[in-house]
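Each of the next two complexes has chain A plus one more chain, namely chain B in the first and chain C in the second.
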Partner chain A sequence: MTDYTRATPMSQPVPLGQWMMLHIIRPLGRWAFVLPLLIVNAVVIIIPSVSGILYAFTDWNGIGDANWVGLANFQKLFQDPIFFQAFTNNVIYTSLFLIIPIFMGLLGAYLLAGITHGQVIFRLIYFIPYMFSSVINTQIWRYLLHPRYGIGAELAKYGITFLDFPIFGRRDTALYGIVFVDGWHWWGFLVVLYLAAMTQVDKELYEVARLDGATRFQQFRFVTLPSIRPTLIFTMLIIFIGTTLVFDHVYILTGGGPAHASEVMATYLYTQAFQNFDVGYAASIGVMLALWVSVPLSIFYILRRRGWEI
Partner chain B sequence: MKLLRPLILIFVGLFMSGTVIAQDEVVTLTLWVETTDQIQLDHLQQALVQPFEAAHPNIRLEISGQEQMQDVLRTAILGGTAPDILQTFGPSWNAEYIAGGFMEPLNDYAAQYGWEDELLPWAYATGTVSGTLYSIPLTYESIIMFYNRTLFEEQGWTVPTNRAELEAVANAALEQGIHPLSYGNRDAVFANGHLISAYLNNYVPREDLRAALVGEKQWTDPVFAEAIALLTEDIAEKGWWSGGLENYYQYEGADFWTELATGEAAMIIVGTWGFDSAPLYFDETDNDWDWAPVPNMTETPQPSVFPLAIGSTLAINANSQHKDEAAMMLNFLISNPEVVLDIASGFNFSEWLVPLHFELDDFPEGVDPRVMRFHSEFAAATGQGEYGYANWTFWPGPANNHLRVEIEGVWEGLATIEDYLAAHQAVWDDVRASGNTIPVP
Partner chain C sequence: MLKARREQSILPNYIILTILALASLLPILTLFMNSFKTTVELGSNPLGIPQIWHFENYAEAWEVGRYGTILRNSLIITGGTIIGTLTLAGLGAYALARLKLRGADLLAFYFLVGTGVPAQLYIVPLFIMWRDLNLLNTHLGLIIIYCGLSSPFATYLLRAYLISLPEEFVEAARIDGASNWQVLRHIILPLSWPGFVTAALVVGLSSWNEFLFAVTFLNTADLKPISTGLYAFQTRYSRDWGLTNAGAVIMILPIIVLFLALQRRFIEGLTQGGLKA
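Right after this comes the complex of A and B.
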């Protein structure tokens, strides 16, 4: 039987039908299986993304004609103090999320790893907040931290006043209050992820470390962390992306106020598109969002290509 | 040839049956409304759909409530799936749709049915752009002051009608640990605009405010700065609202209405949709409520002003396949005051009250006399030309957004009033250049 997978020597002419089967029909068959997914990807992701980039160079109001304005939206963007406020808030948001929830996730996972009885119960308790939608999560904390009905107001009746202030109504605390609420919602998921990664670490490595006299902290530092590095890097990437694109918690808890103190790029984009009817400008904000998100992704990709084990 | 005659008969028969079917065809009109309250939707079925369909047997009217309707409607309009009849939040929302050709011109229908004679003149004008009618007003509103009448009687306070009386009541309330006023913008930053409108209309002379709206006066004029300064002083420095500006940012409707109903606050300055809210909260207490015009804020007392406002409008989708039938539905509302009043009764006359030439006798029995008093005083004042201009009706979208959002920078001390108004003027200049302004009566 003829083996069509082997190249035919140049000295022997290939029948046309055989050549078409090998170079056209079979590849087309393979592509046909992925074609539906490609079509969905194109319609849902690629076309809107390219459209969004193009609209960033227009004055489109979301309804009428889109007229080309070149770089005018980007020039306006780089002179917009509110955009820089929003960008700064996003950097703060991301920085806090890369520290506090990750630290709490690692600590929680490390402590849970040492529990044999009842571990599942603790994992479930820590994971429950993650299962809430952001709307439910924000409503819970809006009333827990309410200046009239909240924990602070109730404690103040007994003379404990350190929490008796409107966290989301003050410019200096609004953003940090949102980070707290979002972090409470998120850290349980990290515990579960890190715990799963820690259980995959070879126990012999810990045994060797103990024999070498390593303390528990040194075991964590030199055995656990390097072993779960891929999971750690993965969570850092998704945190970076998630906190750069954060919208729901900010929109519901403060709307970006007071006076843009908790404004982030996503809420500012929304305001420009749906309240100012300046979709072209909003699209330019979206382009900047995408560029900012691509920075760590690009670094990650480059380092992986260079052989870094991350 | 033998087959030709039967074929002709068959074709004629098919054509005739198609014509008969077309004559009996029932047209279905679709309308999306912003209420999702099932009681109110059921009321619309009983008060609007049923009488309309009874009067128009070949038209079915399908009404559905939509959450976040303005966002949903915008997407549907762009996607070609919008309903036949479009309900929007008012003229300032319509400019973009009109510019994009999504709203059908209604001049021919208005002439056919005589709408200009049925609607109040100022209300009819708000639906026009460059002389072409695009929408009819569905709800007229204003800004007033609700107060806890029981609290005022117990404390011996006089309902304020001017700045001096307002300060007296506010100081007396603060001494009692009562918030002089309560409000909040956590539901929506729209609340900022309500307060700005209340102060602008009751401090700035009407002709000056109108001049700024039509471009004959600059927003940087000192009279506007003084009004904004007064509001900033009251809300940010004196803390008259909600126990402080920081609380104001966190309060939503349930918070400030509860404060008023329980006597923790004395007054609320809000739109007339408050007639729907006040009974809900006061019925849970032993206190009673009432309303008064927003006090005049000038040093030399002047009559209070009712700002004109259109809370929502109805328009015909330019891509609708049933424009004539949609116009019939609009005409059904405009030409039947008793139907309008019946519909509005389900909203405590705070919505769906098309601005027609009502008489007080037209209102059904059992209507809250406080609500009747508002409509009576509003009609009397506006009929004599004593009215103002609410931001959500007469400020174009971008200008309205700047007005209510960036005021927080002034309240927080991040921006001067002069810078705020200069930026506001710049937004107006851009809007005027694009031609998307709103007619001002």
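Right after this comes the complex of A and C.
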């Protein structure tokens, strides 16, 4: 077997076959391992994404001809009260998710980090709902929040009547009900992430803080929180992206209703595309969503590249 | 006294942790118990332990929810996705980790962008493309989509595994004249199977649970997987809570069993997945 990898002295002319083997066939042979992956990814994600951006500037309805309409879809979008409602709901969704599940995740992880017996079993229990599909969570909570069967009805028997109404059927509560169901299944994931980060914290820091007379809360505030900051910021990023793109729970529980009260951008896009067949308009919503998601993503990557420890 | 103070009582930890655990477990427990009740009993006993355990709910749910069909569909889709993704990702990860690939950085960036793009940007054009390619309402069509969605993450996970393998084995095989393919087949694969199991669990779970693409790309009742099949079942039999609860339990049972058996791998894989995607 010839050793092609041995460098040929510059002074001697390189045989063409040997040169091709070294610079073309070998590298190509290596790329052949990556090629299937690249092709599938391009077909499923990259090519349709580029088409999606192009559709946003047309009035296409999915069949027939498409006309270039420039920024008309975006002009319509900025004057569309339902889109504005959906955007507002997404912002509410994101804000609530950034507060409640993170609080519960930090609480659960911090308490777990303080115990040794039973740590594994608690972590396991918190993690189970995270693995459930949206159809399961909604099945569980549609029943438990049902005005006739659920927790509300049970409490009403004892005269406590604040929960015995159709939460998903009322304009002022539908969105919050959805956030609750989604949050219930998600927060345990944060416990696992935060706990993993907290176990990396140097034990001596706590020892020093304790000797200085720090309370538990002070230890959490001044030792734990700064130490797990990278994980914390990363989870905030995932939450922002996940809640901005939220679809399943809204679609299944309310379909965006009643009267668009729980509409989010993803469900609105879905209705525009698959019920109104306004592919161009739906594509423009998709572009807005992608832009909105890319804001924190770009900030994050730029700061990381500059060497910030986030 | 001073010592006791410094040790800090951990009793409050256990109390709060137990309350949190009940908040996770009780709703699931209610689902299980209510899957054994008739509609009549649900009216009088909506949250308690069943007076009579109606196992026939499961038989009936299996029948009217068409679980024979939807479970088979889910197995085809999940199995196809696992095989497809692991093949694509295994080859890719091997090249990225072991062969000196020019432009590997560019590739990493490509996948970063590829996984960062929201589904909402491409789902409509993809739908139209699949319609034109006659891939709508086919299992193959959905499997290809799932492979495209999950292969970047699986590649990332497997690459990390392959990098950690000792170099000596590969070197030894190379000296014996093994080709790239032979090294992959006889050295890398037998050593890195734990990574493949982890990737398979994560990919399998996400395709088993997936809703958005399943509801968009498969409309025929005969082709639906368990997620959208259960959704259709819930919509049609919304008042038969006993039946739909039994249907939901059938969907989560395999997950819970697998999770309890392989929880370390599950948690490891899913937390890495969450951090990446």
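By our rule, the second predicted complex is superposed on the first by the 273 of 310 C-alpha atoms of A that agree within 3 Å, B and C clash if a C-alpha of one lies under 4 Å from a C-alpha of the other, contacts with A are read in each partner's own complex, and residues count from 1 in each chain.
The working rule: a contact is a pair of C-beta atoms (placed from the backbone, for glycine too) under 8 Å apart; a residue touches a chain by one contact, two chains touch by 3 or more.
Treat the numbers as computed from the prediction; the structure is a model and nothing was measured.
On the shared subunit chain A, the superposed partners chain B and chain C overlap sterically. By the document's definition of touching, of the two partners only chain B reaches A:Pro147; chain C does not. In the superposition on chain A, A:Ala209 makes contact with neither chain B nor chain C.
In the superposition on chain A, A:Val279 contacts chain C only, with no contact to chain B.
In the superposed model, A:Gly62 makes contact with both chain B and chain C.
Counting the residues of chain A touched by each of chain B and chain C gives the higher count for C.
Legend: residue contacts after superposition of the two complexes on their common chain; A:Leu232 is shown touching neither chain B nor chain C. By the touch criterion defined above, A:Ala290 reaches chain C but does not reach chain B.
Touching of chain A by both chain B and chain C, each in its own complex, is seen for residues 62, 148, 274.
Across the complex, chain A is touched by residues 71, 74, 77-78, 96-97, 99-102, 185-186, 188-189, 243-250, 255, 397-398, 401, 405, 408-409, 411-412, 414 of chain B. By the touch criterion given at the top, residues 1, 27, 29-31, 33-34, 36-38, 40-41, 43-49, 51-53, 55, 62, 104, 107-108, 111-112, 114-115, 118, 122-136, 138-141, 143-144, 148-151, 153-154, 184, 188-189, 192-193, 196, 210, 216, 234, 238, 241, 244-245, 247-248, 251-252, 265-266, 269, 273-274, 279, 282-283, 285-287, 289-290, 293-294, 297 of chain A touch chain C in their complex. Of all residues in chain C, only 6, 8, 10, 13-14, 16-17, 20-21, 23-25, 27-28, 30-31, 34, 42-43, 46-47, 87-89, 91-92, 94-96, 99-102, 107, 110-111, 114, 116-129, 144-145, 147-149, 151-152, 155, 177, 180, 205, 208-212, 215-216, 227-228, 230-231, 234, 241, 244-245, 248, 251-252, 255-256, 259-260, 263, 266-267, 270-271, 274-275 touch chain A in the complex they form.
By the touch criterion given at the top, residues 61-65, 142, 146-148, 165-166, 168-171, 254-255, 257-261, 271, 274-278 of chain A touch chain B in their complex.
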